[in-house]
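Given below, in the form of structure tokens, are the structures.
Paired with chain B in one complex and with chain C in the other, chain A is shared by the two complexes that follow.
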Partner chain A sequence: MTILGISCYYHDSCAALIHDGRVVAAAQEERFNRDKYSPVFPIQAVNYCLQEAGLTIYDVDEITFYEKMYLKFERTVLSHLAGYPFTLRNFLDTMPLWLKDRLTVSATIEDELSIKRPVRYVKHHLSHAASGFLLSPFERAAILTVDGVGEYACAAYGSGSGTAIELRKEMHYPHSLGLLYSIVTAYLGFRVFSGEGKVMALAEYGEPSFLDEFRKIVHARSDGSFELDTSYFSFNRGDRMHNRRFEKLFGSPRPPGEELNDRHRNIAASLQRLTEIVLIDMVRHVARESGEKNLCLAGGVFLNVTANSRIREESDFQEIFIQPAAGDAGAALGAALYLYHSVLGNPRMPSLKSCALGASFSDRAIQVLLRNRGVRFRAMESDELVAEAADRLAAKQIVGWFRGRMEFGPRALGNRSILAHPGDPEMKDRLNLIIKHREAFRPFGASVLREHMAEFFEQDWSSPFMLFIARVHAAKIDAIPAVVHVNGSSRIQTVTSEENGIYYDLIEAFRERTGLPMLLNTSFNDSEPIVHTPEEALRCFEDTDMDCLVIGGYLVEQ
Partner chain B sequence: MSARICNRCVLPEAPPDIRLDDAGMCNICHNFDEEQRCAEPDDRGLLETDFLKIIEKHRGKHEYDCLCMLSGGKDSTAALYYVKERYKLNPLVFTFNHGFVPDEHIASAQRTVEKLGVDFVYFQTNFMKDLFRKIVETKSKVVICPVCSLWYMLKTYEIAAQFDVPIIVSGWTKGQTTGSTRSVLSKCACDQNPDEFKAMTEATRRFMKEQVKTDPKYRDFPMTMEEVLRIAKKKYKSKAIVLSPHWFVPGGPDEYVPVIREQLGWEYTARSYPRQSTNCDLNFLASKLAMENYGYSVYHIEMSNMIRMGLVTREEALDLLEMDVDGEIFDDVLKKLNIEAQHQ
Partner chain C sequence: MRRYWDRFKWWSRRLGRSIQAVVITVLLALVYVIGLGLTRLGAELFSRRYLKLYSMDRSKGSLWVDAEGYEANRLDRQF
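Right, the complex of A and B next:
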């Protein structure tokens, strides 16, 4: 049985392939076409997934799509009608997209993939729910999904048991936490889809002094449901989704690039606080309603690591699972999983332990590249590479680390990473300024050996996909300043020998040299999608000031 | 003094077409980099699904879905294997022998055909022998391979028309394509206008005009690949398109040679130029003359492309391109051409 899952036309388009009872490949189109958050039909990702499995499209039994486009279209038309005549221009701008691509998904698939198969459409939040639950280690669990908007739903909850998933309640557009976060992201001068993480980071520098204002526009109930007061917004009316009334409440919007001030920081902090409050209320309600001990979370809102961590600490659930590509990319996988397990009744596959579902490149291919580019390199055995890289990291060098299969989802977890010494107080600024070319307020994550986590952090649980933050022991903050955010927390990936192989060995070797069982880990890119190929890695390495690059079995120096 | 060789590919300095900068890199490599840099975001190159789009238009509508050109070498054998086993097409296989293909190569092709259980057309001719002899005797700078390819492509179209086959499948590698990947499809990979081909193309044009057109025997011989396409269309009423699966899938021989070895028992032949190829014996002479006349052969162009595409290292290419045969092979070829042997 082979199932191809597809998501596209909004952001994070993606293809995922289930074959012979396992997820063999999943990748976002942005990694291939180098257009960050690319919304286009993921033709290159589809080709990659099939080739990774040694298959062609003829071997695919079923194709699934991550949402029901006609329902979504209905909602779009109705919401435009509701705002008529002010929405007319937006309606006319939007319709070509619908007519050209979105309403013709089946035809596009047939045309692009040269295959006549009925496409199975899975509702957006059901796709999210499946991506969370069916890859989790739980036989049964409560499920909560929250994002911008699917067809109508912006949030949903229910439960999963075995291969069955039932979503019992939904919150509908426009009452959307994800949408609100994106609206404020744009209001604060950041790009929607990429800027939400910046707002989350910025929030830690502010005070939630605008919480009351937010409560005026978000009428929250104790069960976590809420209504947005739409009089503060101008949905479907132009480029910006907030209106003058919103600006009266919060002040004028920040033009992109303008210097950030306390008001911006406080708005970010207030939005983040409100998000956490609402989510915790939702989770508590889901806990009460479901009676389950475990919780699966999915949807783009659960890329908010600060909120995730509060949920983990403050909810009554014993265990929480978040699939690494919690956003719409993961929904392609979720749609395929839903069909495979819940519709077709195939038994559950082992839980997801690693998100290394993308392409790998042979040492031979890497060596051809290095030789033809005239790059000086050293071929090394794995243990030598580990020792050499650990020595350099201990000496506060910045190391590009490109090995194995590319990660699925927005995080680099030790296969396409830039690594550095977490104990260097200047490292954060060095990285932000000369490597990543990004805002100074953005923190860096840490990859920490699981068994040593409690030595540095107040929490002692697993976070294999870097979707949680942990508070650093006050006494340890000075030891790892490069990975401690202003609030005393770190975004962490816990690393085990079983799941992370050589990456574990590297951190262990670093620990032997420095006493620190962790490395600063940031994605291998510079204002572009995370590198996919050795060529992209080499280019990024050469264009930035990394000190050395470990690429496959080779070490390259600047 | 031998010409400087580009420090990235294996093309020698050959002004005005191939020029090396102060750093030792040739204009062809610079052009390649520039094309990469300027590639439009939606220029995704050729994907396997693009290949499927083409073949699905024709699948099952003719007795044979495609005509596979098979030399018995790794590239055409792998192309045939893909067509039959990966894409489940019903191919007719065509092997062309102009009289200089060693028995070993023909035997390899026959083994492959038998293993795959596909229909096979074998065509042998001495028609071009006089033309080849003329090339050697007149000391023309024309390169034999492009001239030969005009004839065998015309023959291929003729057979495609005869059997009403809509697609011609070659085993041409990524390195044998020139220009952008998209233009390859429209020109059947036969664009000979890029800089590195210019001198050879001009010599071919002159030779065809002065020596071939004037010879009654070759009056109907096509002058250019464009003319081949015109004849195919007008005389044979063939709309067949030419493509190679290798253009559409990632990787190169590293990926497919192990597959055909395992699945078909395919092996490299004992004697061929460049190494690890399966080219005809005439090719030794053709390549030698090209290197004497231009400093490089068509294989240097192919290998250089493959270097730029990251499929082979420059060192490997130089090694494969080294011609370390004794003179006997040249004597054999010249003897076949009825020219007195010149080598010891």
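Right, the complex of A and C next:
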């Protein structure tokens, strides 16, 4: 049985393939077409998935799509009807997209893939729910999904047991936490879809002094549900989603690129605090209603690591699982999993331990590339390579690390990473200004050996996909300044030898040299999507000031 | 000669595309102004529930509603 899952047309389009009872491959189209958060039909990702499985499109038995477009279209029409006659411009901008692609998705799939197969449409939040639960280690669990918006739902909850998933309640558009976060992200001068993480980072520099103002536009109930006061927004009426009334409350919006001030920081902090309060109320409500001990979370809102950590600390659930591609990319996989397990009744697969579901490249191919490009390199055995890289990292060099299969989801977790010494106080600025060309207020994550976590952090749990933050022991903050955010926490990935052997060995070798059981880990890119091929890695290496590059079994120096 | 022919083809293609875009925009504007306008009028007169997407109700105890349409036998439909 082979099932191809697809998500596209909004952001982060993606393909995922289930074959012979396992997830063979999953990848976002942006990695192939190099357009960040690309919404286009993921034809290159589909081709890659098939190639990884050694199959052709004719071997695919079923195709699943991650939402129901007609329902979404109905919501769009109702939105224009409610906003008539002020939504004409938006109507003219978006209708061609609906007519060209979105409403004809089944025909598009047929055309693009050149096969006729019935397409199964799984509702958006069910796709999210399936991506969260069916890859979790739990036999049964509560499920909560929260995002911008699917068809009508912006949040949903229910439970999963074995292969069955039941969503019981949902909250409808426009009452959406993800949408509010995106609206404020745009108001603060950042790009929607990529700027939300920046707002979350910025929030730690401010005070939640605008919380009362936010409470005026978000009428929260004790069960975590809430109502957005729509009189503060102008849905479908031009570029901005907030209106004058919103600006009266919060002041004028920040034009992109303008210097950030305390008001911006405080608005970000207040939004973040409100998000956390609402999410915790939701999770507590789901705990009461479901009576389950474990919780699975999915949807783009759960890429908010600060909120995730508060949920983990303050909810009554024993264990929490969040799938690494919690956003809409993961929904492509979720839709395929739902069909495979919940509809066709196939037994559950082992839980997802690693998100290395993307392409890998042989040493031979890498060597040919290096030779063709006239690059000087050294071939090394794995243990030599680990020792050499650890020496260089200990000497505060910045190392590009390109090995194994590309990660699925927004984080680089040790296969497409830029690595550095977490104890160097200047490393943060060096990386932000010289290599990543990004805002100085954004923190870097750390990859920590799981068994050494408690030595540096107050928490002692697993975070294999870097979806949680942990508080650093006060006495240890000065030892790892490059990975500590202004609030004394770090975004962390816990590493075990079972999940990523050579990456574990590298951190262990670094620990032997420095006493620090962790590395600064940031994604291998410079404002573009994370590198996918050896060519892209080499180009990024040459264009930036990285000191050396480990690529497959080779070491390249600048 | 060939160069002029290529240039002519390029310009005519561009012109064709521009005309197509203008025609589509005009048609869509008509759909909006007339089609959606009449629908709105109908909704105002006969069924205001179609206009309630952005309305609020502070008296509601909870915004959670029953989840619908998740049945497995609806997977072949887009609604």
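FYI, the second predicted complex is superposed on the first by the 558 of 558 C-alpha atoms of A that agree within 3 Å, B and C clash if a C-alpha of one lies under 4 Å from a C-alpha of the other, contacts with A are read in each partner's own complex, and residues count from 1 in each chain.
Keep this in mind: a contact is a pair of C-beta atoms (placed from the backbone, for glycine too) under 8 Å apart; a residue touches a chain by one contact, two chains touch by 3 or more.
Because the structure is predicted, anything quoted here is derived from the model rather than measured.
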item	value
First (chain B), second (chain C), both or neither touched by A:Glu207	neither
Contacts of A:Asp478 with chain B and chain C, given as first, second, both or neither	neither
Which of chain B and chain C A:Glu112 touches, first, second, both or neither	first
Most chain A residues touched (candidates chain B, chain C)	C
Partner chain(s) touched by A:Arg364 [first = chain B, second = chain C, both, neither]	first
Partner chain(s) touched by A:Ala156 [first = chain B, second = chain C, both, neither]	second
Partner chain(s) touched by A:Glu426 [first = chain B, second = chain C, both, neither]	neither
Which superposed partner A:Arg168 touches (first chain B, second chain C, both, neither)	second
Which of chain B and chain C A:Met69 touches, first, second, both or neither	second
Which superposed partner A:Val122 touches (first chain B, second chain C, both, neither)	second
Footprint of chain A on chain C - complex, ascending	24-25, 28-29, 31-33, 36-37, 39-40, 43, 50-58, 60-67, 69-70, 72, 75-79
Chain B partner contacts - residues on chain A that touch it in the complex	32-35, 43-44, 46-47, 50-51, 56-58, 111-115, 362, 364-365, 367-369, 371-372, 374, 535
Chain C partner contacts - residues on chain A that touch it in the complex	64, 68-71, 74-75, 77-85, 88, 91-92, 95-96, 105-106, 118-123, 126, 153, 156-158, 166-175, 219, 221, 223, 225-227, 229-230, 235, 339, 342-343
Complex contact set, residues of chain B against chain A	7-8, 41-42, 44, 47-49, 52-53, 55-56, 86-88, 249-251, 254, 307-308, 310-315
